[in-house]
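First comes the structure, then the notes that go with it.
We just call them A, B, C and D in the order they show up, numbering each chain from 1.
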């Protein structure tokens, strides 16, 4: 007899990072009760009654290459970024210790030198090939699912950004890529795509919350469709880009001509440290920078800078200056400063995505999920970048899902 | 034989103010060509082919109580606010002189003491009663329409803000108000409502671009419907509130809890001077302050300050600080500074409203036009305050209008 | 035999408020070691070797009218404002409990209605007259000094701001005021001045860290000189005004013409709540607003707004917009946003003032101490408002003190 | 018989650039009267009666490599940056045309590729060697002096920033450099140093208002001392760095620990265009970035970004974010946005420097003038970076000069 409950697992790549540990603390807090659901999009009225799993029932696990535990990560964030209430941390410490048992060694295959340096853990296995890595990682996910008797597991990539990875001919179809996976040479796939492939082999929906490549490889997308799985990405829209995605349409709707849009982002967490590498930064900047011109059209001068400022730790401060032209050539400006805590902004969206993706998988969705564009800076297979339209698409999907039940 | 051309007139209350003179210069520039249509919402693709009048064909006139001419107003703005290109001003000077001939004396009946002080013009007639004023003012509009052979005239109120005006029993129905109009006592109606009544008597659509009362008197609305006329208001959404109307929905869509939203507005034009009067400021602040709670719900702390800073002249600088709570009770912030030139932002919207209202009247619209909520801080008969929804309503109306042609 | 050590006491009016509890935690932390002396001006090189008491040796006591303890105040600040490290609080909790024994009941005589409302403590004695209050309060200070074998005690007023208090003829000389003190009528002196008088009777230097009247009564100043005591105030310069006091001189030195300087302050602590009363706010705004014109001369438009925004708790956010004119009449702007934690900024300055005032008293200073102008928004008997000049005066005094030893 | 008047010339390198043309318009306006002296430091009370030349008597000339005239430059600035009053421009147009006759062809020797590209003027002579260039340029200055019967001419470098130029052994002494000057190879000296050498040969004081090398070559400094001439630089302190030089000392005086100071500069004039070249930008960033650590000590994270944003034209917008630590490890922040018009800020300082340098030369000053550090981001032979100390040094010099008369 099958359980009627809808038990889902959330498997994070980068499980004990700042986002992962905030997700862990948040899930524990939601399970224990006494905290608000602020920040959880999936808790809003339009998404009630469509069959989403209860966040208090989501079981967390994941891959990690560093040795810091979930509890340590939470304490470090508290100390350096001034976040998390002392009483809440105390109450949830046992849960974090328990969840720690669901964390498995990730892979160092296909990571850049910066990320490799972050892994001080000597116990990370050295995978001989991409195929070997995929097999090991997918068996971790399957074992997690069995052990916790989960109906399905959603894999969400929340590890650090990777440098750009140029695609070759072998990445165009699964049959060609499959052959290459056994090669002992590195460089067949970046780590994020190895994790994506492992998720697919483990029959999991895959979500890429980073600007890394992940499932955005034609061969991997093909494989996901073959296996009947949904996926989505890229790059969670948590802060500055979120604001852009509502302000840029405002200028467009008012026929105000955006001349320039300059953004300066400063942050001090590991993501910032990794982005301090110019190549990696380049791929992040690309997804952040494109959005304005995509929404307002024309050819405004757009610049996005990202600087690593360790004292900020998990806080991201973004200053955007918009220079625009109104009637009779008059130049005016709008500037904003966003001061947000990255992991706190990301964590509820990760939980949202787990809920939405699990439901989509349950209902037989296959391929990219453009109705989740709302959550991403660079949504796969979607040209919709303004937030209100993305919201409308998500609500439409929810309404259809509700009426289909 | 009737002309097939769609000739419309735009009659401004406050004709030679900063907004009025910017409209005049803009219409002249559009007629002469060589300037862009940036800032004109009605020029965007969704509104093409629905039958709007060409802005170059709009004839301007209006009521005014001050003696400054359109040309002088433009030159003062240039000198004090640094706006308007010298070459453009030179080219359009003859047009401004010609349009000046369409300006008629407004009324001092029902204006507050601050506005009365602004009128140094001894030639303003002293109207014996509201009825007398309405008759004189409406005959000015009718004469303008005949003289320029206009198909219809849209009256738009762009004069300074009035202090709040409490409604009494007599304002509830036209039959009761009509009797009161003949009284020789002042205080039957504020000036803005006298102009609204005059517009209606002259068979003109009436638009209130200010927070003053205007047509928002049940008796006057009733009269407009009796005479088969459309109207709309209140208070053009040009700057800080415009930004709020896209940022507030962002917080709502992301389930982020807005704790406080504080806005400080500084401006130096006549509007700022008039708003320096605490009573008048109160009515302006009301329309500016309500919007956040209406969009995000709950009971955030909201404050709006307006200060008169003469050195800014026609520039309005607004600083907004939004304090919001995310996941696990974490407090974060967003702040923005808007630096916009008020008359430059308002002028194209006034032209848009003239085009949209004339088309609505031509197509037989009667009563409030909630599809124009997009343009107002406090739209009449509308609960829609977020800009994307207002935009959708305007585009819907345009699509219906197009398919009805 | 007299102890050679320089043991000083710090007696706070408003002992368990946000500033008081931060001072208590700070002194405990400094005594236990392991924290930096960041924020303590008196720890900078120019003030070494002049004979200041060690902060770790300062004993804290004070008057209070509310029932919240030091430890509770610290915990509330942690929870609401996100300040104070959990580990530090845990380590210093015993010290806070011990210091709590030095807190005595303040007076409700001469407080405004807002402050009276804050006192839920039924055990506050009802003083029959100002004289009775002065006697009771000064005997508390003297008992504290004896009990802890202190060489001297500095009294610092850190209670909430009072509404303006108009001076009368009786306030002009001590002989006249002394007679009035016995009257049973309220309104002879505001509470802050009763505390100042009590400090003087207890042979203590008195510092007014608030904009309240305190010692700024000619009769009380006369009495302090009679008793050979030093005093200073008013209103600690912790945030926005501090920034003004370096930026305004910059414009002056560059011959840039400040046209307008508008400041908006928002804060959410008890000070903010008390300042929500328009009368009290008026007196605060006066000391904050005057500084710009005093430094740059001329008659710039200056405005200071203060708004109570509870969600900010102890954080003060100030936005200042400076509109200035440069060469050939060109208007430019500078704006800044200060985000500071009020009690954290004030606490080290309170410790500094205790050290500086105790040393001044020890060296026989009598009357106002203009060399401490550096610490105040509205320094008594000083026309120096720019920070660099105030700093130079403080360093000069330190150098003289050092060479006199 | 010698004229008793104190007639000075101001020879600008980059004569018809934005700064040069603003200086020209400003001098013309001051001569004609009716404009204020706002922005002229040398007009402040401390500098009266020390013998400075009247700005209305300063004759302008200079070298230029582009073909745009002074009048055209002023009109372009008006049109693109919205500066300069139309009436003022009209009144001074004849003066600008007259001054244009004092402009001579500069040199293309030693300029970088970006600057070479800016010179569309085919009439610029091709100098065969640095020596040839120096001779030609110095004879232009001498001819200007003779023609206008000037007592002395101050040469001020206001041309675009050059890329960094590494010094070699030959640059260490004048005797070695002199030999190298005749070489036909390029690369002996950057253009800015060729102009400095020409100034010296023409017996002129030399001021470097840019971050280019100029006189900061040991051999050239030696030569200036040999010829008994004063000089100073580098890089006029007009905007963001000016603000830093008063804010950084504030943190130091309050013992607040600056953790990070990040600055983002955006500008759209030719300087911005030239700085778009990464190499040239590097040298500019160096002088802008060093100042904070020099003032506050320690090792704060400091970053300065400069981005070219054409729509801003001559406006520079700078956003600075200061992250600082106060008492008990509490992190707080200050951020500011500066919106200044570069040429308008620079022009009066250029006039100030001409007046101060001419007086110094008249009084026999030889070598660097550290009392002028007040005007520079990276003052030669000076360790004083905070503005108040620099101001004090300038006033001291003025007082000494006055008492020596």
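Simple rule for what comes next: contacts are C-beta pairs under 8 Å (C-beta built on N, C-alpha and C of every residue); 3 or more make two chains touch, one makes a residue touch a chain.
Given the structure is predicted, the values throughout are model-derived calculations rather than measurements.
K.L.:
Count of steps on the shortest touching-chain route from chain B to chain D?
P.N.:
The least step count works out to 1.
K.L.:
When I count C-beta pairs in contact, which pair ends up with more: B-C or A-C?
P.N.:
Taking the two pairs in turn, the one with more contacts turns out to be B-C.
K.L.:
Roughly how many whole angstrom separate the Cα centroids of chain A and chain B?
P.N.:
Once rounded, the distance between the two centres reads 45 Å.
K.L.:
Need the CA-centroid distance for the pair chain A / chain C, whole Å please.
P.N.:
Computed value for the inter-centroid distance: 49 Å.
K.L.:
Which residue numbers or ranges of chain C touch two or more of the other chains?
P.N.:
Correct list: 82-83, 85, 325, 333, 335, 337, 339.
K.L.:
Which stretch or stretches of chain C touch chain B in the complex?
P.N.:
82, 259-260, 262, 264, 266, 301, 303, 305, 307, 309-312, 317, 319, 321, 323, 325, 331, 333, 335, 337, 339
K.L.:
Any idea which chain B residues touch chain A in the complex?
P.N.:
Listed in rising order, the residues are 22, 25-26, 29, 35-41, 43-44, 83-85, 88, 242-243, 246-247, 249-250, 253-257, 325-330, 332-341, 344-345, 347-348, 374, 386-389, 391.
K.L.:
Could you please specify the touching residues of chain C with respect to chain A in the complex?
P.N.:
Going through chain C, the ones touching chain A are 78-79, 82-83, 85-86, 337.
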